[in-house]
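Both of the next two complexes hold chain A, though its partner changes from chain B to chain C.
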Partner chain A sequence: MFNTFRSTIRRPLFVFFTVLLTAVVTIFPIVSSAQEQKPLRIAIKQETGNLDLLQNVSALSTYSLVFDPLIRYGENGQLEPALATSWEVSEDGTKLSFNLRQDVAFSDGTPFNANTARWNLERWMGKPEFAWIGISDAMQSIETTGMYELTINLSRPVPAALYELTIIRPVRFLSPNAVDAEGRQTAPVGTGPWVVTENNNSRTLLTRNNNYWGSKPSFSSMELKVVPDELARSNGLRSGDLDIIGGDWVSPLSPRRARTMQRDPNVAVVAEPGTTSILLTFSPKSPLLQDQRVREAIDLSIERNAIVAIIYEGFATPTTNLFPTVIPFSGDRVVLPQRDVKSARSKLEQAGWKRSGNQWLKDGKVLELELMVSEEALPGSRRLAEMIQGQLSETGIKVRVSSVDNATIHDRRPVFQYDLTFMATYGAPYDPHGTLANLLLSGVDSGPDGKIYTNPELDVVVQSALNAQGDERIIKMQAIYNWLNANMAVSPLVSPKRLWAYNRRVGNFQLPATDYQMPGTDVTLSE
Partner chain B sequence: MFQLIARRTLLALAMILAASALTFALISAAPGNVAALIAERTAGPAASAELVQSIADDLGLNDPLPVRYGRWLLGSVNGNFGESLRTGKPIADEFAERAPVTGLLLLAGGAIAFTLSLIIGLLGAISNGGPLDKLLRAVSLVGASAPNFFVAALLVMLFSVTLGWLPAFAGSSAASWIMPSLTIALFPMSVLSRVVRVNLQEVMSRPFATTGFAMGYTRFGVLAREALPNIAVPYLTTFGAQFTLMIIGSIVVETVFALKGIGAFFIEAIRFRDFISMQATLLSFIVFFVFVNLLVDIICLLIDPRIRRQSNA
Partner chain C sequence: MPDSLKLSSIAKWPWAVLTPVLLFVAVSILAPWITPYDPAAQDYSAVLQGFSQEHWLGTDYLGRDMFSRIIAGARVSLVAMSIVLAAALIIGVMVGSFAGYVGGRTELVLISLIDIILSLPSLVVALAFIGIIGPGYWSMIAALTMAWWANYARMSRAVVTSELHQPYIEAARVMGAGHLHIFCRHILPHVLALVVVYASADAGALVLAIATLSFLGLGVEPPTPEWGQMLVDGMNYLEQYPHLVILPGLALTLVVSSFNLLGEHFALKKVPKGLSKRRLGILKKRRAREEMNMLEQEAKA
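Entry: the complex of A and B
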């Protein structure tokens, strides 16, 4: 009887503990894994900074995680709604009306509406330091026509106005409670999918904004780890200490490293068409390059396919267009010329140069050009310069590669103190207007960026295109490209691909529309 | 004794002044316009020539070099190094955040170099021409010849990428400091172990070592009891020099292991032509060099009466 009693007692206990143990064993890992899921770890080349929307200090790529614009730059330059659900441009182009999203709050709980939007826009629009943005320069007034309706009145039409509203800063929206008494930003509080919870010089930690109006990320936190060294970044990805690296403005991945990483089965490399072009530019003040035929001889001596194969390891497209096709209004494609050393020599002869041994002479002067490069300004440019030097030497054009630091190139480029140099177009979302206005118009102060080429005739063509509206824009933009080609004002070389890499923990990796943004919202994570 | 220390301290201060003047002049002579960089930071693409000029006037960049040096030195003595052109933060704040990282790295590396160099040197001396002595000599030679970045890359490839034992970046856990500390310690450890080995060999041929053997001590006993104290001065002097040189090594090690210390700050300042940060960091390096060497000098004065007598004479 005692045994029966014991077994009667024991059985339910046994069952109870078995069920409990099973539950603990099954549920605990689920709960603990949910709690302890590692954040998505993305490498960044430099610290994030304070993310002040009005200062030119912080890393551009982090802004888009925290702050939203009215309009977003989408695939191939398509304008997509963000904080504005719809917009309308008046026929004369001087009135931009926006209907704002109504279910949005900043991450500190402050509601987003026409008043907060207007307060944000008035922080920078019409201010002299933001005159480089056309819509700011032309702003006359900002009206709130309803709780969620906003109108920007301009003194003149700004055809690129909507594109300007997609750039990274200062156009994004900050909580009005995140400023001090003088109006200076005190914290990065936006309406975006992520909230900054820790920010120092070694990392930035973000947590999901659970009140985000758009599709919320599937994981709860993200760590941006500052790793300035490219080799250390790729090792970190391969060892599992990082999940994603890449992007010119996030944590650049060189073509050579990308090619090596393709052999690692635990890493996936993504190479997609880029939005920038690398250009060989001619100084308009160089006496040796005044004759267009010399510039043509240089262009004819260049083998772009070899540059793509050797310098870019195949991760680039040879081009003679100023902009790649993914850029809006990038114009008709120009057929890639074949390298032709014989024709190049013939051009030099037509220009009055005489062959003497392995060099060209004219009025006792040797055709020797200085190619100024800075590895800091454009990574890989020294090797590229050496390759161009080799290619031009076959024609007999001597090239002296002058490798300088970033500060020197900043000083010399604006005053055209070189014969040849490399430049890059700005890329999406700044192009085509950014490059055309800043790097081709002689009257615009582009500071240390310098100019691709300047010419009074070109100024007229560019200005006319920038002012054009509607279908006329396509024709007038094409006129710029035609002028550049007809005058051999610049020699575009390649359009590098956008290179990223991620490890097997990352799923559904999709590149953002521009390299100024960070992947993350659509990504899924597995442990 | 006090006079000796005071004289050494004055000499150290004079050295700091001379070295800081030289570095200030060299950095000022380098190409690049500080005002243009500040203008670019504040106004972005809107940075105009007028803005650059007004910034140059505000900062007194057009003043003569000695005036600028005096102003900078006075500010530095008061802890005001200016603002970083790259981050916009006060450099003193950057130092306060980063000094513990570099300090920990140097202390860990210094401790490893100190301990292992003595062990290796002593083992070599015990083996005295045997296979172990030869092996340790070869290890020291390789350690002294291998550059930091190469050693760091090999360690990461082996322990992080291949074996997955240690994190590729430092700072996340105690284990994450192992590879950076070993990397930075390798060169000084190799040099110091040779200093120990060679000096022990020399000391062991002296009469007091022979007396030790005659008194019945083993080779290890003579080495530990008689020889080691006699190499303290050359060892400490070399250790001081090697320890200060580790700050140069920290530039590479911090970059490779993603540590945000003073070394990484310096290399970022160079990369971005952040002249103000470069000058401040170089000044901190100079002070560090001079301070550690002064400390070693004082320790040597304290432990070796012969130096005190020589200095007094």
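Entry: the complex of A and C
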């Protein structure tokens, strides 16, 4: 009888708990998803890293989400206030005064003021490892003239000083409480719109900084997913695993893929004029390229429009200018030359080369050049090299394409161990001063980037332009471009467009001002 | 059973397995004459075309004729494969036989070296070697040779060690034959008989390794057409123009499988077969006849 009682009470209890459990399991995720929106998911090509402002190890684009500069690089190179609300440069260019934004705090609660700003600037200004930044090299002292007033005194004028303050690293501001006893950064704590909550080799998770001084993001979290493969990224975007992909430094999108994705109704592709140029550079040490006429023959053999159509799928502009127009002081536009194999051949004849079959000979030597490329360093460069090889072979110039890895190209570039190679200008916000100083001045150590071209005459022209101010700067910058053209020192090929893509979940998508920055803070999300 | 079916069909037409291999060899030898276009010639007015009368297998992203490139690619793959195989065989047989013949400490050192190389995957050895000497056609050949010779060395050494103790070697030695004579006359044929068979089975794997290295950008330099490189170039266009990937992939599959079939066929020939009753009868009769002859001769004497 007792057993019967137990079984009669057990059955309803069992049914009740089963129903309850099922209900909880089904309803809970619905409730929680209603409260918590899925984060904005952006693909990144490599892991973020520790975001140390003084070390060259982390991915550049994530910094802009966490750290703010004094001045921001805006559209078309306009300077916009960030942590400084206004600024003034003295007439002689040696004194920069800033009025700092008030009521700003780092995400750990530490207030931002002239003292914290000065502490930050002193961490890198005047240090030898940051001598590549003009303002750091010329820094004499940093003064705080009030709670929110700061002055930087320079030993010489640095015309690009304000632009230098817009770059990503090391100029942005870190909380003074985020360093250890030796002054090394311990955590990425800034004043920016986002706070890093999780950071590993597969993703970086950021949550909204509710104390952010600017307009706060409309959604609460952002996930940066590491997807190294380009095809996997575009598939992820189409399947809805990712919301935004693109940008040279964030997660490059190839022109081919962009073209394919344009036909997908669920994906929007954004193609905007880029700030970089792809250059075919001549080694100043190559014996075969010492004669300017050989360089001119090469330039005349190149068909830039075909490169744009085939390699860039139309997402580029053919150019013979070092910088695209969006870069300040980029100079007068040079008319695009027509490909002219006949003239190219006559240039070679003038230079003393004799045609024999489909090759050129001089003193028993064949005109054969090595074109060094690295897919890792510049995606798509091997195919571009094959195309140039084909174009030059019509003139009879033999090209040997040597495909090397990233480390090799970084070793061989600085010592000019090649005849021809591809290089890219740095792009906004580093240009024009960055490319001109680092890639054209022979005395500046540009590390693995190498040089576009070097010549003692060119050094004088570049140096004088970099030191010029006001209207004189425009004229002297033009003098650099004229020198490069007159001496055929470099063959700019194309200016690729900036390519991004996002899915329909993302609204109000706006490209960041430079590809070194991350988009997404202004966007809206719909489910 | 599919296995017995395959074996019996091969047994019926033993030369059938050679047909695809011979076809590829013929194509690669005749490549310069049978390609309708220069495989490196770019034509921007005819990029990414489908199958047509002008271009049987279409064109690639630079307007190059796919048919010509695949044929020229066969030549590149087979020539590189033959060079690597020959070099690996020469080095392997020499080192292995020397180790086996000399014996003692020399053998121990050499066999340890061979074991070390064999313990690493051959493609990893090749990649490391290219990492040191830099990419290019000849460094690819050198790297693959470095990765492949140890296999043959080990086999050669095993054959030499076992043959060395056979009575006929002792006999030759007693008759005053020199080391070189003994090795070249009596041992080398045994070594080659085994090693060449295995090498023919390796040919397919080598073609694939060459394509793999070129796929990684470490092999043949452009504009020389190579199947692995054609595959990687086609990857960009996979969605809209899959033939750019499928065609070189298909060519690669055909060559690799036909070489594997050939290797398998040779390997089967080396396996000792059980004697059939009829054969046993013939042998017994022959033996009896020989004994009879001997007895007759003895009686005469």
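Methods note: the second predicted complex is superposed on the first by the 493 of 527 C-alpha atoms of A that agree within 3 Å, B and C clash if a C-alpha of one lies under 4 Å from a C-alpha of the other, contacts with A are read in each partner's own complex, and residues count from 1 in each chain.
FYI, contacts are C-beta pairs under 8 Å (C-beta built on N, C-alpha and C of every residue); 3 or more make two chains touch, one makes a residue touch a chain.
Please read these numbers as outputs of a predicted model, since none were measured by experiment.
**Q** For A:R256, is the partner it touches chain B (first), chain C (second), both, or none of the two (neither)?
**A** In the superposed model, A:R256 contacts chain C only, not chain B.
**Q** Using the touch definition from the top, say if A:A306 reaches chain B (first), chain C (second), both or neither.
**A** The second partner, chain C, only.
**Q** State whether A:Q338 touches chain B only (first), chain C only (second), both chains, or neither.
**A** Touch status of A:Q338: no partner.
**Q** Report the partner of chain A that touches more of its residues: chain B or chain C.
**A** Of the two chains, more chain A residues are contacted by B.
**Q** Under the stated touch criterion, which partner chain does A:A385 make contact with: chain B (first), chain C (second), both, or neither?
**A** After superposing on A, A:A385 lies in contact with chain C but is clear of chain B.
**Q** If you stack the two complexes on chain A, which partner ends up touching A:V401: first (chain B), second (chain C), both, or neither?
**A** It touches chain C, and chain B stays clear.
**Q** Determine, under the contact definition given at the top, whether A:S86 touches first (chain B), second (chain C), both, or neither.
**A** Neither partner.
**Q** For A:P448 in the superposed arrangement: first (chain B), second (chain C), both or neither?
**A** A:P448 sits against chain B, while chain C stays out of touch.
**Q** In the overlay, answer first, second, both or neither for which of chain B and chain C A:E375 touches.
**A** After superposing on A, A:E375 lies in contact with chain C but is clear of chain B.
**Q** Quick check on my understanding: which residues of chain A belong to both its chain B contact set and its chain C contact set?
**A** Touching chain B and chain C on chain A: residues 231, 404, 408.
**Q** Under the definition above, what is the set of chain B residues touching chain A in their complex?
**A** For this pair, the touching residues of chain B are 30-33, 36-37, 39-49, 86-88, 94, 97-98, 153, 156-157, 160-161, 164, 167-169, 171, 255-260, 264, 267-268, 271-273.
**Q** Which stretch or stretches of chain A touch chain B in the complex?
**A** 46-47, 49-50, 55-57, 128-132, 200-202, 225-229, 231-232, 235-236, 238-242, 376, 404-408, 410-411, 438, 445-449
**Q** Residues of chain C touching chain A in their complex?
**A** 40-42, 44, 47, 61-62, 134-136, 217-218, 221-223, 233, 235-237, 239-240
**Q** Using the touch definition up top, name the residues of chain A that touch chain C in the complex.
**A** By the definition above, chain A touches chain C via 231, 254, 256-257, 260, 303, 306, 309-310, 375, 382-383, 385-387, 389-391, 393, 400-404, 408.
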